[in-house]
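Some structures are shown below for you to check.
One chain, subunit A, links the two complexes that follow: it is found with subunit B in the first and with subunit C in the second.
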Partner chain A sequence: MAKQLGRDQQGITLRGSAEIVAEFFSYGINSILYQRGIYPPETFTRVQKYGLTLLVTTDPELKSYLNNVVEQMREWLYKCIVQRLVVVISSIENSEVLERWQFDIECDKTAKEESAPREKSQKAIQDEIRSVIRQITATVTFLPLLETACAFDLLIYTDKDLAVPEKWEESGPQFIANSEEVRLRSFTTTIHKVNSTVAYKKDSFP
Partner chain B sequence: MEDLEDNTTVFSTLRSLNNFISQRMEGMSGLTTPGSSQSSLQIQYQQRVQLEEQAGQIHSKSQLLQVEREKMQMELSHKRARIELEKAASTNARNYEREADRNQELLTRIKQYQERETEAENKLKEQMEMNKSYKKSMETMSKKLQEKESKLAEANETITILKGKISELQWNIMNQEMQMTSQDSQKQELMEQLDVQHKKWQEASQQIQTLQANQSLLAEYEQKIKDLEQKLSQQEHDALIVKNMKAELSRFPKMERELRQLREENAYFREMKENNGLLKEEVEGLQRKLERYEKVQAQLVTVELENEKLLGKLKSWEKVDQGTGLNIRTPDDLSRQIVALQQRELVLKEQNSTITNSARVLEKARQQLQEEILRVQSQLLDEKKKREQHEALVRRLQKRVLLLTKERDGMRAILESYDSELTPAEHSPQLNRRMREAEEMVQKLHAHNTELEAQLSQVLEEVGTHKQRAEMLEVEMKVLKSQECTAEQSTLITKEEVDTLRLKIEELEAERSKLEEENKTLEMKLEKLTLQGDYDPSRTKVLHFSMNPASLAKQQRREEQQQLQEECERLRELVRVLEGGGSIPGNLEGVGSFQSPQEIAELKKQVESAELKNQRLKEVFQTKIQEFRKVCYTLTGYQIDITTENQYRLTSIYAEHQGDCLLFK
Partner chain C sequence: AQFVFEAALHGLLKLDTPIPNAPLARWQRKAKESGGPVPSPATALSPMKPANRSHSSSKTPSKTPGKSGSKIQNTPTKAGGDRYIPNRSTMQMEMANFLLTKENDPAEESPTKKEQQKAWAVNLNGFDIEEAKILRLSGKPQNAPEGYQNNLKVLYSQNMTPGSSRKNGRYIPSMPERILDAPDIRNDYYLNLIDWSSRNFLAVALDNSVYLWNHTTGEIIQLLQMEHPDDYVSSVSWIKEGNYLAVGTSNAEVQLWDIQQQKRLRNMTSHSSRVGSLSWNSYILSSGARTGHIHHHDVRVAEHHVATLAGHTQEVCGLKWSPDGRYLASGGNDNLVNIWPCTQGDSGEFAPVQTFTQHQGAVKAVAWCPWQSNVLATGGGTSDRHIRIWNVCSGSCLSAVDAHSQVCSILWSTNYKEFISGHGFAQNQLVIWKYPTMAKVTELRGHTARVLNLTMSPDGATVASAAADETLRLWCCFEMDPIKKKEKEKANSAKSSIIHQGIR
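And then the complex of A and B:
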């Protein structure tokens, strides 16, 4: 508690902002996986975060994969070289992309480790994150049903000159052929700004 | 038969004729009367005619008969001819067949001969070819023979040549043998000489040996001499060295003195060297100074030249000062003057710009004023119209007033007349009321009038103010026009620029608007694409984890598919085997069973037990049925058998015959 209070008083540093955004991605991706039914609901457990009851996975393989990606994201956010994180949901049978959750990251490059922390309260950031996550939950009402068995993939858009770390590889952008896009809320820590959009395949109703 | 019939008719006719003739004769002899002579002649004539006719008929009939006999004979002959012809034909046919057979035989023979011929020809050809080949071989052989003959001839020639050579050689050999003998004799002589020489040689060798021994002794002595000489020389050297050493030793104190001196000189020289170094540095410094001074001198010279030039310029400037009379003595003043002039220029430019701005402003004001003027004019017109309307109203009202006054006067007159006529006490209240009403009407009319007059006055005031404004604006217009005239002269040149600038401005504004629209559309597109997930490949790249859940899921699906396919194939094999009726091989059974083997064993046991039960039951049923039937037969004496379906046979013990039975359905 004292630490938190101290943080509140201290303000947002570059490292702290990277930590907040990485945490948001971790919980956000878990929510998306639960809401869209990529994994069976009984493999999720409840935790309290941002003043909400969120569901996170207990599958150890999936957990380790998410932790790896989030760790890498944290590092890259600290270096301000990541531009976008995309959750691609595709059908297993024909590898067709059905949904694309896109989080654009705008980084204020003037903020370095040595610069003074920015004035923004943790509570305000948490409120913004909470509204984003609520919105993600609410989008389920208008997104089309995922009828076939689906799997997800995480794509990260980075600067061109970044050295590709071990276990990572380059991939295509995996667009949706005939897509409808919906912009969601954004939140900002004054150093990093995260815009969310969801794109889904337009149903071909006659 | 016809002939016979014809004959009978002929005979009958002959008979009848004869009878007639006889009758006629009798008749003729009997009748002598002339009266009946004519009739008898007629009758005779008729009889003759009839007889002739009958004769003709008989003749014709006989002819017919003959013809018919001839016909028959002809037919017979025809038949005989036909038969003969048929025989001939058959014989001909047989001959023909024989000929045909012979033909065929001949044809076959011909074919055979032809085949033989072709074979013979082929053989001939082959033989010819063989012949040819043999001929060729023969030719080659002949050629070879010829070659060989030629070779033989050559060989013969060579043989002859060689024989000649041999003869020569033999002759040579003879000669050489002769020589040999002579040489042998020589050799013997030489041998003798050799012996002599040999002896001499031996003696010589002995001498040589002695000589060699002497020589070796000599050499040894010489070596000894050399060694001794060397020792001598060394000793002499040593002696010399000793002397030198002595000399040197004697020199030693001198050397020491010299050493001291040299050290002193060394130190001195070191100091000198240092001084030298210092001096060299000083020299270098002085040289540099020298160079600098020389440069400075050169610069001095140039500076002096410049000075002179500047002095000249100064003088010229002073002259200028004297010429212009602007109180310029120093360049500072000039510069100040120039600065002042520049400032003045700046000020003037500012003024110019302000003036142009004011001109623009004034133009704008003028335009605005023009617009206002237009507005005001329109307002004026409106107000004029209103005024006219009001005047018309006023006139109408005045007319009304006049009419009303007239009415009033009339009414008053009437009232007065009435008053004068009638008693005032009875009708005065009415009259008073009427009066009051009329007065009220009049007051209303007055009020209305005053109102209208007030409106009129207001309108007139407004018109007056508008007129004043118009006059003011006209005055201002005149002022502006006068100003324009003055400004026009100064801005004549700039008006064209202004026009061109305006055109440019309009074009640029149009371009700007187009570009803004394009910009908007492009921004929209960009936004849409970024929403869809587009990125700039030159600046960004897309990464993902190699072991990501989507690829893992695909892999798993593929593996599942493969497993399912393999299972499918195994099951298909099982099915084929089962359909074939073969026993389930152990491995397939183990593979194809999705139940545990324990369950299968249990089921098998159950099946076996069920079958055993079935069999036992059958046996039991059979025995029981047989017993029952026997019992029935023995007790009742009747046996019922089933022969075929739906047919039963009843037999009894007490039947007379064994085969007696009752069949019923």
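And then the complex of A and C:
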């Protein structure tokens, strides 16, 4: 049984790594929702995390929806069966996919058997996560404005033989037809590595 | 029956009937291709596709995940032509060569091909896409309320606001008093290219030269030009007395120039990247570089580099000493604001007494309040667009206001309890705010591209703005009422005479 990760300990265990990555997704998704204007900015509040001031939602329904996902992610990350998390932003009126934020997860499966924690300082991981989140914030300088009201969807790519838990359903990949893509930074906990990219619909005029 | 056979034989032997089942003639094939839609499913499969620009998207072989599609690339078609005109730039020589020289029949998928494709898919995606299941959490969360317009457009730009109903206390001309040409000014948000001296000289850095404009006489002097054509001036700052000008360059030098003699006094090298920001504190010159380091230079001694402050991980674009010289405020591209003390701590190292992380964008606009000590105003870049007022002793944010546009510079007025901020997209305006109510006094429009820097005249009446539209505009926005001016001067002189009397 992997041990719980103490905050001051240097070692990273599988469970600790799953926790770190799941937490990153929670704050990352909140940042995306704020920066892209999916929900009114007044419904977000500031919290301190990773040495940054981040914006998280205060809307209770949205909060519980995100918590569900993060809980599930944490479990699947621990079992190393999740490969990708995608945030799809689509227009409400015509369901056209406008933006697609993709987070690829590479899991080192050998960590399952090991019991000794890996060496990587919390601070180093925090610094890497901080860079990714700052990049997400900075993408606003080149992503096209979302003119219409949009909704978001969360897709998770898992192993084929996984039993679909209740509340989840199967879905298609929801790609963007004519897209431009930008790779963002990645971070690693030595057990999980997360690569981020954002794809957006190319503007119709040159 | 035999006639049927004969007819068939004749048909076969005759060469002028259309051959059934023959491959289409080239022109027919092309016509068909240009007519039919190119059936490639969304090729945005991210891990594989390099982030290349638009013109390559229709020509790169689209590797559809796990799909056993044909690998033959559709060549770009010319509309309806029956003569094929080759276009060398769009041809793929290697692809064509490969297709011509390979031996297997591409139409039929051999089992090894399938294996190969699968192996590629696994390699590139990190897992076998066929084997992955895509799950979606059902029960969509409540969408934003009905009336909510996606306000990104409002978030990142601002429309003309109707004029405020309350009349302004004073008249502020909406047109600039003067417009100066600033050709080749670098459109780089992170540089600080203008400064106004106490002797009424406006220094402007245009790419690799620095020009001085004398406000009183209107004459222009070219002070310096960089030797290397690829180098440029990245920051300028006048010493308080106005006789020396510090110049930061792209090749990491900090130069000190004497204006009277138009000669370079010193060339201080200690940085390893361009010096984008400078600030004076009597004889100490602080410089901020692209690496995030801030160096203190004592310009009187040979060993000028007396201290290093490491508090930023990205370019230091905002740097200002407080008027009393106790604190140095620095803003960086890492969205942090650091407040540094003027003396070292116990360990001998400089450490910030405050660090503010609330800005969500680069902090270039940094300005200390001249009439209230320890009050600092900061403004964030495109991702943030907020102006924040801080008390640096307590570390609290006194107020924050959304300016709806990238903030490049903030200046406090010495004549009124107001401050002015310079902005970018979409209106490129200067906004004057009342302090501490944070009400907008007025907006000054005119620039046709984003404002890059602001600086104030020594009498505090005029603000000069440099913008990416290659102009400098001088706005008379803080002109003192002549009656009030006389009162102020009287008050000042009265004070000194009282002191005089006291000493008797």
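Just so it is clear, the second predicted complex is superposed on the first by the 193 of 206 C-alpha atoms of A that agree within 3 Å, B and C clash if a C-alpha of one lies under 4 Å from a C-alpha of the other, contacts with A are read in each partner's own complex, and residues count from 1 in each chain.
In this section, a residue touches a chain if its C-beta (ideal position, glycine included) is under 8 Å from a C-beta of that chain, and two chains touch if they have at least 3 such contacts.
Quantities reported herein were computed from a predicted structural model and do not represent experimental measurements.
J.: Once chain A of both complexes is superposed, is A:L145 in touch with subunit B (first), subunit C (second), both, or neither?
T.: second
J.: What is the contact status of A:I156 with respect to subunit B (first) and subunit C (second): first, second, both, or neither?
T.: A:I156 sits against subunit B and subunit C alike.
J.: According to the stated criteria, A:E93 is in contact with first (subunit B), second (subunit C), both, or neither; which is it?
T.: first
J.: Looking at subunit A, does subunit C or subunit B touch more of its residues?
T.: Subunit A has more residues touched by C than by the other partner.
J.: Can A:Y65 be said to touch subunit B (first), subunit C (second), both, or neither?
T.: Both subunit B and subunit C are touched by A:Y65.
J.: For A:W168, using the defined touch cut-off, is the partner it touches subunit B, subunit C, both, or neither? Pick first, second, both or neither.
T.: both
J.: Please report the subunit A residues shared by its interface with subunit B and its interface with subunit C.
T.: 62, 65, 68-69, 83-84, 92, 100, 102, 104, 149, 151, 153-160, 162, 164, 167-173, 175-176, 179, 181, 183, 197, 199
J.: Given the complex with subunit A, which residues does subunit B contribute to the contact?
T.: Those in contact with subunit A are residues 528, 530-535, 537-554, 557.
J.: Would you pull the subunit A residues touching subunit B in the complex into a rising list?
T.: For subunit A paired with subunit B, touching residues are 62, 65, 68-69, 83-84, 86, 88, 90, 92-93, 95, 100, 102, 104, 149, 151-160, 162, 164, 167-176, 179, 181, 183, 197, 199.
J.: In their complex, what parts of subunit C are in touch with subunit A?
T.: Contacts found on subunit C: 41-47, 49, 51, 53-54, 57, 126-127, 130-145, 148-153, 155-156, 334-335, 357-361, 382-383.
J.: What residues of subunit A sit close enough to touch subunit C in their complex?
T.: 35-41, 46, 48, 51-53, 55, 59, 61-62, 65-66, 68-69, 72, 83-84, 92, 100, 102, 104, 106, 134, 137-138, 140-141, 145-151, 153-160, 162, 164, 167-173, 175-183, 195, 197, 199, 202
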